[in-house]
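Right, one structure below, let's go through it.
First chain written, first letter: the chains are A, B, C, D, E and F, and each begins at residue 1.
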Amino acid sequence: MFLHRQELQFKSTPEKPDAVYARKLQEVLGGQYGEITVAMQYMFQGWNMHTPGKYRDLVFGIASEEIGHVEMLATMIAQLLEKAPLGITSDAVQDDPTVAAVIGGTDVQHAIVAGAGARPVDSNGNPWQGSFITASGNLLADFQANANAEMQGRLQVARLYHMTDDPGIRDLLSFLLARDTMHQNMWLAAAEELKEEGAEKLPVPSNFPQGKEATEFSYQYLNFSDGAQAGEGRWAKGPSPDGNGEFTYHEGPTSSVPMPPPTHPDSRFYGTTELPNTMEKAAGLAQDKLNKE
Amino acid sequence: MFLHRQELQFKSTPEKPDAVYARKLQEVLGGQYGEITVAMQYMFQGWNMHTPGKYRDLVFGIASEEIGHVEMLATMIAQLLEKAPLGITSDAVQDDPTVAAVIGGTDVQHAIVAGAGARPVDSNGNPWQGSFITASGNLLADFQANANAEMQGRLQVARLYHMTDDPGIRDLLSFLLARDTMHQNMWLAAAEELKEEGAEKLPVPSNFPQGKEATEFSYQYLNFSDGAQAGEGRWAKGPSPDGNGEFTYHEGPTSSVPMPPPTHPDSRFYGTTELPNTMEKAAGLAQDKLNKE
Amino acid sequence: MFLHRQELQFKSTPEKPDAVYARKLQEVLGGQYGEITVAMQYMFQGWNMHTPGKYRDLVFGIASEEIGHVEMLATMIAQLLEKAPLGITSDAVQDDPTVAAVIGGTDVQHAIVAGAGARPVDSNGNPWQGSFITASGNLLADFQANANAEMQGRLQVARLYHMTDDPGIRDLLSFLLARDTMHQNMWLAAAEELKEEGAEKLPVPSNFPQGKEATEFSYQYLNFSDGAQAGEGRWAKGPSPDGNGEFTYHEGPTSSVPMPPPTHPDSRFYGTTELPNTMEKAAGLAQDKLNKE
Amino acid sequence: MFLHRQELQFKSTPEKPDAVYARKLQEVLGGQYGEITVAMQYMFQGWNMHTPGKYRDLVFGIASEEIGHVEMLATMIAQLLEKAPLGITSDAVQDDPTVAAVIGGTDVQHAIVAGAGARPVDSNGNPWQGSFITASGNLLADFQANANAEMQGRLQVARLYHMTDDPGIRDLLSFLLARDTMHQNMWLAAAEELKEEGAEKLPVPSNFPQGKEATEFSYQYLNFSDGAQAGEGRWAKGPSPDGNGEFTYHEGPTSSVPMPPPTHPDSRFYGTTELPNTMEKAAGLAQDKLNKE
Amino acid sequence: MFLHRQELQFKSTPEKPDAVYARKLQEVLGGQYGEITVAMQYMFQGWNMHTPGKYRDLVFGIASEEIGHVEMLATMIAQLLEKAPLGITSDAVQDDPTVAAVIGGTDVQHAIVAGAGARPVDSNGNPWQGSFITASGNLLADFQANANAEMQGRLQVARLYHMTDDPGIRDLLSFLLARDTMHQNMWLAAAEELKEEGAEKLPVPSNFPQGKEATEFSYQYLNFSDGAQAGEGRWAKGPSPDGNGEFTYHEGPTSSVPMPPPTHPDSRFYGTTELPNTMEKAAGLAQDKLNKE
Amino acid sequence: MFLHRQELQFKSTPEKPDAVYARKLQEVLGGQYGEITVAMQYMFQGWNMHTPGKYRDLVFGIASEEIGHVEMLATMIAQLLEKAPLGITSDAVQDDPTVAAVIGGTDVQHAIVAGAGARPVDSNGNPWQGSFITASGNLLADFQANANAEMQGRLQVARLYHMTDDPGIRDLLSFLLARDTMHQNMWLAAAEELKEEGAEKLPVPSNFPQGKEATEFSYQYLNFSDGAQAGEGRWAKGPSPDGNGEFTYHEGPTSSVPMPPPTHPDSRFYGTTELPNTMEKAAGLAQDKLNKE
């Protein structure tokens, strides 16, 4: 269960309203890698986890922190929208390029739908969706997904940092950057610990018997483009990170088979088949009729 | 540009049709972590890349291989659907539980929409969508995203392996498992190489001046749940993986501020404000009238 | 069946074109609470209704009116787009902030996709979708949903009223506001009538035997936040609106149980389980093999 | 900020696993009116609220309880999936209709994607999305939306109650039914209080000057269908619930205007115009050329 | 404006309920090419049309008929669901494979959400969406889109015809098939008439000056696959259907240019650039600092 | 399988960056009728095709060309974004209307998410989705769908041509226009060839026995609107294009039946039924109890 305190983890107040920036900030609230995503991702990982103890405590702890980050961003966005202009006339625009920018740069649903409030959407107004999250039950895979989310998240916050010079917004972003630094490190450390403890290893999933895969292809770099330097990286020679193989390099595929012949489903799907086929189709229909009707 | 050969990289023919399994296989064709996702993800990373050479050659090469995997899966699905039943009557069901299973377990759009063909959707029939991919321009972040995709992908294929005993399908899956093993290793090796060459390092993005983040929070584990063991992991003590800090552990937040006061946007948004407010609202409307109309 | 007349219920002609406003008006055509939503919602309620007579006549009558409102808005939007600029050069922008505003403030798909026409989307260009509607078969619930839709709808139109000073647009909006006033009142009256006639009552659904719910929790206000004034409202003391209980107030939950232990699904899902588990997993896999393969 | 306790508000353990029911239960977790919806809806209403005090305390308190309900349902679903079958062969189906039912009736992504875990989706596997929520800043409208959500929610839980006879599941549902009873009553009481205190009244939004709407249409029932009994309800005669008017009944519209003439946007949109138009088009293009290129 | 009559165009009553078939029928109600799509497509074409007269009369007339078809399908689906089973226990399934089939084959939201009613979704439960329609303002293009919709629609109805032997359902389908026959023919005739009258011709849009396209590529068949027979069709030799050119056949592209060099956006996007780049990045950041902060 | 060459089919380099135009160009990359759509549509048609030979060679060949067009557009967009402004301050806007335009007119996710790169979305930022494509297995229907896609595609490119005066962009568009001219012609020629060879004919699907449709309605134009000129077109008189009938014209429907009575599903769905119904419901519940619990 969750308990709410009417406090924030960090100051979240802009120096002045900025409806255009409010729209941009929606990305890290409700976008693919926004705070709703990480909060929900870690919660579902906790609810689906098959082991008690430190890993489950970890995901529940961070999940709860992240809902608080959603709150900090929503609070900030509402304040940035406080002076959002409502009634625009063409006269106003003619006088003032700033107003012109605001007309185009804002999320108009902030005004029309939310009455100058935050929304669970990204910076283009696409609604947040459940398919943004990852919670597979395999912790090595999921912690990798978490590190991924925190990397993309910190990258977006860093970009947003340069899109404003408001000290209040920058303060909040400096806090989010720090927490993303922590969370990147944390998930990488947790993934390492899983491997050290022998709980999981590479490749994911490690308990699938690797002998059942087509092992002759497991460490081949196959180059399907004509880039001349693809063979110069570490992925094309030397031992593989999972410790189970040795990389080799190949131009194009090392195997090939002809495509199987076209399929011939029931004629009542009315697909087009080989030519000449009118007679065959008629015959098939007659046969179908005898068999099935 | 892309050139097509009417060959497959590996045999992709089931021993017998199985419309229920065809639906399940859609997950790794058109799902969040299916082959369309990785093909498109690597292509967009290539088109958005800011450096020529081995890394771009790498993403283009693998992207092209992955479109071929989309093709192998689509071809397999079409064959699995070859005998998909079309006309079901209640009599048929009463005689045969297998038919009963097929009615419920198939993707009915395979029949109604595609006429016994594959579709760009996941195993629940949700269409593939562009928001599944990641291509940020930062290679360390993106290679982490790629490793993530290949881990979730191999995990799903491993599960699917146990959901059939058809030797033809298992053959194809054994090939995909091997390639996922390669691709997991490859992206991890590429991420390592970026760090060794000094192109990128942790935390992502490494060129953002870390001094601008709120560094007092950068390596603190803050436990917002009451799990007693959250402090026992490597994320709560010792050096951080980025080499820049030392983890510490804390129960709950180490900072807190009151929530800012509610906002007061333009009264013509018709939001509900403090009580008693009828008088104030009337006054405000009168004032607005003077000012703006 | 539906018959169309090439007339409108009210004048729908702007004084002058305004491509930026055309985009905003899309919200009440194709948004969550736009006219397509109410038209489709009332139609599906009619088709799914389990009783003939006045209630079904009501929903069919209003549904038909609402398709006409969709038409009025689409017609208005097409006219607002009549002079939408097509060819923009940077020279034009340098001369004129109004042009600058138009570039950013318009829905570019109005031009590129619809050739200066209306579209079934909201003001951010998100397509209308079937999941916006509510039609459950329970009339008290559905009439409440209808009143909700008309309230949000009128609120949005009221906001839009202040975003233009074009007399032609304001005329149309004044008509829509009036009809929303009617429709709010109408659905509330219909809900009351259902209760007076004894067809339905609170809580919805009224025929579910309330004795089967955990009645000790049915009228408790449980405060999961630390807001000091949550107990001061009518929801925390006195009789409940359904007439079946008496509200009480409580800080936090009045009951609590430990979370159930983690689940242990089939090991072939490759979830991470308790540690140390390498041996157990191996044993489990061997056992699975004996049992199932 | 939010703090998590590893406890549940009520017992959430099934007597036995049931993967088919797990899928159905997803509706009230991640559907249009599921617990994620109400949790997010109340949170955003709190963050966007323009008045401190009891109403904000109310939405924050209930929002937090609702995240706990998401947790209870996710926990229940994971347990229902504990024995989800993974490896299905046709032999198994031939022996057992129950297995046949399970094949079709389960959410296959529960197995393939989540490894026997809950997901943020509805009972058809559609992902939860941000456009399910309502948070407008107008409290009378929003509390109506909240009552609506709790009514549809309780209706769905009541239906789900009859779709199982597992005592453990029914226990949890009896608790959710009770809380939905409370929440329906609570939002209706809060809406009443807003009106009693004079903060808001009908029609929503009450501060929009009703004189600006086309008042001759504000209380007319206009019947656009041919249902003979539409005039027999309370919505067709007598005083309106907002106290501002008197209902009247009319067959069809009371006003009508011709549709405006078709629009003529820039010829470079290549829309088809009046006939014969080849000459005109050529002339228009020539003119455009002179003017603009 | 639209007026509703409580009549149907054709009998729409099944002989017996069939909840599994109800789900399948949703495809032609709310799918990509279902009746909602054509109704909305034709309406928006009418509202966006730039010419009065027979073409606009045509799209309005058919649009109205199609809403009536939505109604016929929704009515049929509600009747098919009339005996939808609600309370399923495992005992029931063990006795009866038919029940097993029903569990899996139904749309569970028909029961849980709509209480045995139709919904605006396709046969996999995906909601209908505005992006299914086409209304560009160019009539030749749009009539082609309409013919396309009617062809896919009739194909789906034909497949559905074989998925039932209920005489009542087949009656309704025979009517829809006939109307789809009419509508296919009608749109093709209308497209021909546009060409005969000289209003439009091929290629669409015909008024774009073809001299501005790269005419050397306008009638070349370029084969990017290795299929040996691609040159045997009419598209590879002889006059083109638009009458403006002569088809020619080529293996692969007839032109090629190197890819442009990678881009170098502002360093504060933190993209990865050429190696070694650490020094350059540091210099760039310093420079940015001087220039912009 | 697909092989990639690091070349483009045509020059794709703008004269100067233009972030606003980059957003517009997304429509023909990732919109409903963008290049991703046609590439995927033709690929899936190839994989689902039931006949080898020239038609399959055709769709594979063009599919591969289209992926190359996706690449050309993505490459162009990345270059247009090369100088995308990142750090905007209000001072900058006050000085320069061009900057103001750019703020509003750009896709902010180009900057925040992709770091100045292309994305798989349309010009409003909606992600590309699998439901944009058509691949039914019936070639006459699908080639019609292909011609439709190429017509809408060329129309959009023609509009985009006038939205820029950059010679580099116009060069690329002139190439795409030419290829769209070819592809329109090609699909129409292929559709003709199918008919000439007797493989398919009108109406689609031609092998469905037309005698099973309600033939009295197959060639009737039924006018459900009051447009006086609907009967003046070729669709209202004369022979039908399929050669099987003669068009006739009718005002409104030629048949009509009453709506079937409302349905009465299981009372435990808690739908509202006829009034007075309290007694009946109680009785029904009692009966249900006896029967089922």
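Just so it is clear, contacts are C-beta pairs under 8 Å (C-beta built on N, C-alpha and C of every residue); 3 or more make two chains touch, one makes a residue touch a chain.
Fair warning: this is a prediction, and the values are worked out from it, not measured in the lab.
Common neighbours of chain A and chain B under the contact definition above: C, D, E, F. Shared contact partners of chain C and chain D are A, B, E, F. Of the two chain pairs examined here, E-F and B-E, it is E-F that is joined by more C-beta pairs in contact. Chain centres here are Cα means. That of chain D falls 28 Å from that of chain F.
With centres taken as mean Cα positions, chain D sits 25 Å from chain A.
Contact with two or more other chains is made by residues 1-9, 32, 48, 53, 55-57, 60-61, 63-65, 68, 75, 78, 86-87, 97, 100-101, 103-105, 111, 113, 115-116, 121, 124-127, 129, 131, 136-138, 140, 155, 158-159, 162, 165, 205, 208, 224-225, 227, 253, 256, 263-265, 268-271 of chain B. Partner chain F is touched in their complex by these residues of chain B: 1-9, 30, 36, 40, 43-44, 47-48, 57, 60-61, 63-65, 67-68, 70-71, 74-75, 78, 113-121, 127-131, 133, 135-138.
Only residues 6-13, 32, 53-58, 60-65, 68, 75, 78-79, 81-87, 111, 115-116, 126, 129, 131-132, 134, 136, 138, 140-141, 144-145, 147-148, 151-152, 154-155, 158, 161, 171, 174-175, 177-182, 184-190, 192-193, 202-205, 208, 210, 212-225, 227-230, 232-235, 240-242, 245, 247, 253, 255-260, 263-266, 268-271, 292 of chain E touch chain F when the two sit together in their complex.
Chain E meets chain B in the complex at residues 18, 20, 23-24, 27, 31-32, 97-98, 100-106, 122-126, 155-156, 159-160, 162-165, 224-227, 252-253, 256, 261-265, 267, 269-278, 281, 285.
For chain D in complex with chain F, the touching residues are 155, 158-159, 162, 165, 268-270, 293. Residues 1-6, 48-53, 55-56, 86-90, 93-94, 96-97, 99-101, 103-105, 107-109, 111-113, 115, 121, 124-127, 136-140, 194, 197-200, 205, 207-209 of chain F touch chain A in their complex.
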